[in-house]
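These are the structures, in structure tokens.
In what comes next, chain A is part of two complexes: it sits with chain B in the first one and with chain C in the second one.
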Partner chain A sequence: MDAPGKVTGTALYAADFALPGMLYGKVLRSSEPHARLVRIDAGRAARLPGVRAVITAADVPDVRYGGSVKDERVFARDRIRFAGQPLAAVAATSPDAAAAALTAIEVVCEPLRPVFDVAAALAPGAPLVHDAWASYTALPILHRDGNVCNRARIVVGDVERGFVEADRVFENRFTTSSVHQGYTEPRAAVAQWDSSGQVTVWSNTQLPFEIQTTLAEILQLPPSKVRVIVPGIGGGFGGKLRIGVEHFAALLAMKTGRPVKVMTTSEEELTAAYARQPATVAVKTGVTNDGRLTAREARLWFDTGAFAGSGPGVASVATLMLAGPYRIPNLLLEGFAVYTNKTNFGSFRAPSGPQANFAVESQMDIIADALGLDPLELRLKNIVREGEEGPTGQVLTAVGLEECLRRAADAIGWRDRRPEVGRGKGIACGWWTTTGGSSGVYVKVNPDGTVALNTGAAEIGTAALTGAAQVLAEDLGVQMADINVVSADTLSTPFDFGAQGSRTAFAVGNACRAAVADLKRQILALASKHLGVEESALALREGSVVGAGKRATLGELARISQASGGGLIAHGTFVAPPTPYDTKRVEGHVYPAFHSPSFHAHATDLSVDAETGEITIHRYVVAQDVGFAMNPAAIEGQIEGGVAQGLGQALSEEIVYENGRVLNANLTDYKMPTARDVPRVESILVQHPSLVGPFGAKGVGEPPNIEPPAAIANAVASATGVRITSLPITAEKVALALRERAK
Partner chain B sequence: MTFDYHEPTSVREAIELSARFGGDGRFLAGGTDLMVQIHRGRLNPRHVVSLQCVPGLDGIEVDGAVRLGARVTHRRLESAEAFQGALRGLAEGAEVVGGHQVRNVATVGGNIVNASPAADVVVVLLALDATLTCLGPAGERTVALDGFATAPGVTGLRPNELLTRASFPRLAPRSATVFLKAGRRRAMEISIACVAARVTLDDLERCQDVRIALGAVAPTAIRARAAERHLEARPLTDGLMRETGRIAAAECRPIGDVRASARYRALLVATLVPRALARCLERIKLGAP
Partner chain C sequence: MTRIALSLTINGQTHDVLAEPHRTLLDVLRTDLGLIGTKENCLEAECGVCTVLLEGAAVNACILLAAQCQGRAIVTIEGLAAPGQLHPLQRAFIDHGAVQCGYCIPGMILAAKAYLDTNPEPDGDGVREALAGNLCRCTGYQRIIDAVLSAARALRTSPPSQAAR
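Our next item is the complex of A and B:
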């Protein structure tokens, strides 16, 4: 529904949004990674031409906020914790004037001993990123200790016994780099206060209701005084879940009495946004000689940066991903979120998925090679099947994994795994959740017979609201063209948990089904009265109620209802039913089970230049169990985009740090793949209907991003015999590894 | 970022404006480097003198020699008929720069005066023995491209001088040119190492004339002179070409940075030089009557 406007360039995004008299805000960010903030003097900046306000920590309420741990402030107050941390903000009549004012703010600070990575943060005697961590308000379930802001754990059986039962035990270590979501539209917000003391913020957030709550906390206002509207989102992929620039816009607008717009630069995006957490993963797996997995002990350490943010949750999800979609009787899995003096890394499409999957699926191939087994056969021998348990004891249903693996392997021509020298095929599989959370919709029939869908979810570009509208059209018997969507306004739309976790089409679609059920009752009762026909003899068909040879259009009934009873309108809600799991198996865990899990397999065929290490991908196949393919073209679009993004993480993208500072904070040296780098992606839609999703659908948006690094690593190993254990798998790493081996 | 924008309509007027503004002025051709540098705060000129309306700077002339006006775009190098044969290396150097939008406006002259060690077209022009014509208040002079850039971003262009064209002799029969580049992606990529080769063979299949130029492996684009000498009057065997690659790798002076390590850059030179030579050989054979 949103595609024509986006293709023709007429769609409105938050970055386009402007108001009369609007000022432009810019944020002064620390150049020091860890320091005591001695003094900040904005006097000279405030007197520069065009400058209307300069604010620092002294001008804003002293509030610490955060989803799972309240450890972050709007501006650094006495301590700077990463290079890029906001110190002050300026509002001026032009972006240039605001930028000029930033350079006139004087900052005096004394450097402190920093911790730049997980190993340094966990070393004995390491400086604490937050001295007062123990006093912070936090989710009670978290296991926190010094620089560890959560340790999530799954324990099943007895891993030591499992390793004794094994014939071979494999221990491997993997590392991944931070990568940015690469959304086309930077984070942007415009804020305006009205005379009643209400602030309205137009923002490209994925979660307007969370931003409303966070802003209310920061501004010390009741949430009803904060209205968040999403005019449009030019890509988010998890990077626009948490507060970005909304608070700066709101605070500067409050101070100046004028609307203020704040938009990030590429440099800010690459130094101070919510890029994917770098990870270190250690996996120890026991296996019998015939390839049966007996035990796995795995630990994944996320660098969460200076604040907890999404870290504690993502560390929890990671443990489920470390188990993989495998039946392993003994498990000890831990996910850590560790503070360092870097930006607060965050959620990125299938958070934790690619990091954990890269480790686990690389190791599956290492095991297969060592045992002389076919990697596909090793997987088929160990994957979870219908009715079996997931790692935390959830009962798995609609498990389409075997079909995914077999079809991806068949499509890539798996029997001929090394067709020529320097060429090889790789496979990787995984599972993922369809995130729960609640959705509400209002559905109204208009007097012309069209239908308005009012949802609190934002269309993030996945066609998720198109999917929800398709569900609505199907159930109500109207055309897609007759549906209009109103979305994502915290004042006027019903609550929605937001555009995250592959849940939008799933949850909003189900809320639409509930609304239609109510609406149908209203419509049939009214039609029965109007047509003089028993309700049981009536049916909804093609925009009309028909029965006993009579017919009333929905428009006609809406007009009657408006004249007599206020109109045809229904409220539908959905919340994913809880997935039962064994609570004794988990600790410090905020995400103990995957709702309506999806299953997938990726296979690729590539060549490696033995001298330069350059990788050429010939084919890339994805077989994904989507439950029910509501909109095959849109799903294929999600798969193609997810793979392109995954290949970036696999092959070329990394935010490079040196002593806490980003070396490549520009789009020249941060290497997202171009159209010439991405092969045609072949999608196979496998459909094992979920019990909960609308028409059996499962979440589809995030999964395609999970397997590309592992599939590429396995294919490179197949082609060259060289195993690369760190991301990205650059040509340089491959070439130098080949050279080392030749010695 | 504010500056006065000037649009002279003749070379003379452009040079007069430049003389008037001195260090406060900059010439603007395609702007793909200048505007980025202004935007990033690295340059802050008070006057920008556009060459857009200056006639006579955008010609590609091929007679006894080849002359490229300073404002000839990369797109035109890519698509010019004159660079599809023995001079194919020039089109190859142009077609891998940036993306379509960049190549539509980025110019040969801008590429030369920007003096990036990774300027792809400059590397090909070095292999072609290009000379540069610079016009200033004191008149016109011709200088060799080799040695024109002295450090990253630094050239021998004098104050108020305008680079008007690059020229190089036409190739002898039985010649070919090749350009090869390595980077992390296939477009929008700054070379982490690049190589241009020009080979002319004599009737006995021996190297009569060879140039090997390297980009992104020294403070400026450079010629690999020891490697060139190694090939003199010898037939291009596989072994000789590989040796030549190793010699070129030994004479380059790469740095390690966020794009690649010095070691990998040298390894690429050792690999790309023999590949470029082999491809030249292949082309000469294909083109031979």
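Our next item is the complex of A and C:
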């Protein structure tokens, strides 16, 4: 919808946004991973040319904020908890002057014993990342203990009995690395205060309403005094959900009385953003000789970094992913979010999905190999089917998984799994949620018959709002080109839970349907009066109301209404109906069921160079149950992009830490796939309509990111006989494993 | 710091600006001239969102000093086609669904333009190679490659009347 503006360079993004007289803000970040902050002296920095303000913890309200655990402050006050933690911020007349001022701020601190990974954080006698954790305000549902800021659990049946019933029990351990969302537009915000004490923040957040709430908390203002507007977003993928630079911009603007812009550097992105949590996963699965899964005990530990952030929620989602899309009668699944002295890792497209899926889908192949079964057959034997229960007792409907598996396997020529030496095929499958939450829209008919869609959701590049507009156009019988979208302004647009969790097209689309139902009533009533025709004899068709040989265009009716009734406008809302589940099966869980779940299978055919370990992908096929393919090209675009990102995580991407510091905090050393690296991705859209999605659609944005690591690992194992259990699966790692085996 | 007077030829027009000698072309384009179609990200010549054409070659404006560009023809995305018109590459990117968030797209299109100007009959591998310096995190590149190949065909059959200056 907005493509012409984007290809001509006229589309405005938050990073482009500027105001007259604007200052530039920069953030001083700690170089120490864990320390007592003794003193911070900004006196010299404040006197440098061009510097208009320097702020530290002493200048801001002492507020602890956070979505699930209130454990974070704007600036470190007495304790530094990760290398990259904000200590101070500067506003100056140019970015260079601000950067120069940062180096003039004196920081004195005393290093403390750190915990750099989950194992260290959970060891007996480990230092606590938050000594006062127990006193923090937190969601009461969480199970917290010392460095664990949540333990989410699912218990079904009796795993011990399930293991006794099994003929074989498999135990494997997997690890995954932290990867960055890699959006091409840095996080950016411009803030400006007005004389009424209201602050307006233009930001590229995916969740303007959440940023409004968080800013209000930090600034100690009523939410109505905080207005968040999203001018445009250059990619988010979950990395722009939580507060990023908005608070620095707002605080510096307050102090200087000038508009202030803050934008992150690549170094800040890779050291102090919301990259994906690294995970350690232990999976123990019992199976009968003929391949029936009898029990699974699995634990996944997320390194959540210095603050809880998304961790407790993502640890919850992980437990559903550990079950896999399988029917396993006995389950004990636990997800942990563990504090360490690293950045607060966060949500990245299908948070927890790739980590858990890599573990359980790798193990499925390990099991199949050990039992002499075909991996596809083993999956088909155990997958959930229509009407069966998910791990927490939700009843599954519109389950297109068998079709996904069979079609992906067929497409890739599964029968011939090892066509030549060093070449093999792999498959992996999974399920995912369509996030719920509520959406509201206003739909207004303009005097020329075009239609304005006013939504609180931001278009983040996934064409999700285009999808919602398509639903609107379809329902109202107008052309897509006649729909204008106004979006994401917390002051004027209706509430929306935000562009997250594959929900936008789904929820905003449904809200549009509700608005259209109301709007149609208004239109028909007005047309009936105007045309002198019974309402029952009228119908809305192609932008006009017609009946009894008469006709009135939407534009005409809008003009009549404007002259006499305030215009044609409707408010539509949607909230995903709760998915019933068995509350007795879960503990510490903030995401106990998957709404309108989607199902998917990825299959790949690749070769591995025996010498270098280099992987060449010949084919990559995705079969995804999207419910209903409203806009196939846009969905395929999501699949292609999601797979490319997933392949990055599978093959090359890793934020490398050494003693709590990032070694590759630049885009030269943090390797994202380029046009040279990504293979052609073939998409198969499977359609088992969901009962609640608009026309049966399910969320499509996140799933393609889930299976690539497992599909690649399984294909590499099939090609070489070597099983790689840690991500990324780099050429060096594969070559080393091949050499080890040859010994 | 002392500023120097610069005269830059951008999209066929001369712009006189006063700027410190260390300022980059990217900074001057975006901050002084309001040409925000040239995007900003890594500032270290790794992502390609700042790609512009300098004497017809694709370059990263983030590592180029504005002062170095005096007297040389610069084309930004704003100058690829007349206002209200689309260059065949822009058309093809839209038609092929190659645009998602769009932030990489101006740089991508200009990198493709520079490549097609010297390689009017490219193949997929050539295009992939030519665009390898431009990161896109949304699309997985496939539709971008397809768009460039189809624009190449379109350009061969009917070159744009209003070609880039």
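General remarks:
Keep in mind that, in the parts below, the second predicted complex is superposed on the first by the 743 of 743 C-alpha atoms of A that agree within 3 Å, B and C clash if a C-alpha of one lies under 4 Å from a C-alpha of the other, contacts with A are read in each partner's own complex, and residues count from 1 in each chain.
Keep in mind that, in the parts below, contacts are C-beta pairs under 8 Å (C-beta built on N, C-alpha and C of every residue); 3 or more make two chains touch, one makes a residue touch a chain.
Everything numeric in this text was worked out from a predicted model, so none of it was measured.
Look at A:Leu663: by the touch rule set out above, it reaches chain B but stays clear of chain C. Looking at the shared chain after the overlay, A:Pro578 reaches neither chain B nor chain C. Looking at the shared chain after the overlay, A:Lys671 reaches chain B, while chain C stays out of its contact range. With both structures placed on the common chain, the touch criterion links A:Pro20 to neither chain B nor chain C.
When both complexes are overlaid on chain A, the residue A:Gly566 reaches neither chain B nor chain C. Of the two partner chains placed by the overlay, only chain C lies in contact with A:Ala633; chain B stays clear of it. In the superposition on chain A, A:Glu732 makes contact with chain B only, while chain C stays out of contact range. Of the two partner chains, chain B is the only one touched by A:Thr612; chain C is not. A count of residues in chain A touched by chain B and by chain C gives the higher number to C. Residue contacts after overlaying the shared chain place A:Thr462 against chain C, while chain B stays out of touching range. Chain A residues in contact with chain B (one complex) as well as with chain C (other complex) are 96, 668, 674-676. Chain A makes touch with chain C in their complex at residues 2-13, 15-16, 18, 96, 181-186, 233-237, 263, 265-266, 460-463, 633-634, 636-637, 640-645, 666-668, 672, 674-676, 678, 680-681.
Across the complex, chain A is touched by residues 1-2, 99, 182, 184-190, 257-261, 263-264, 267-268, 271-272 of chain B.
For chain A in complex with chain B, the touching residues are 96, 611-612, 614, 651-652, 656, 663-664, 668-669, 671, 673-677, 730-732, 735-736, 739.
Looking at the complex, you find that chain C touches chain A at residues 22, 30-31, 35-44, 46-47, 49, 76-78, 80-81, 86, 90, 93-94, 97, 99-106, 109, 127-129, 131-145.
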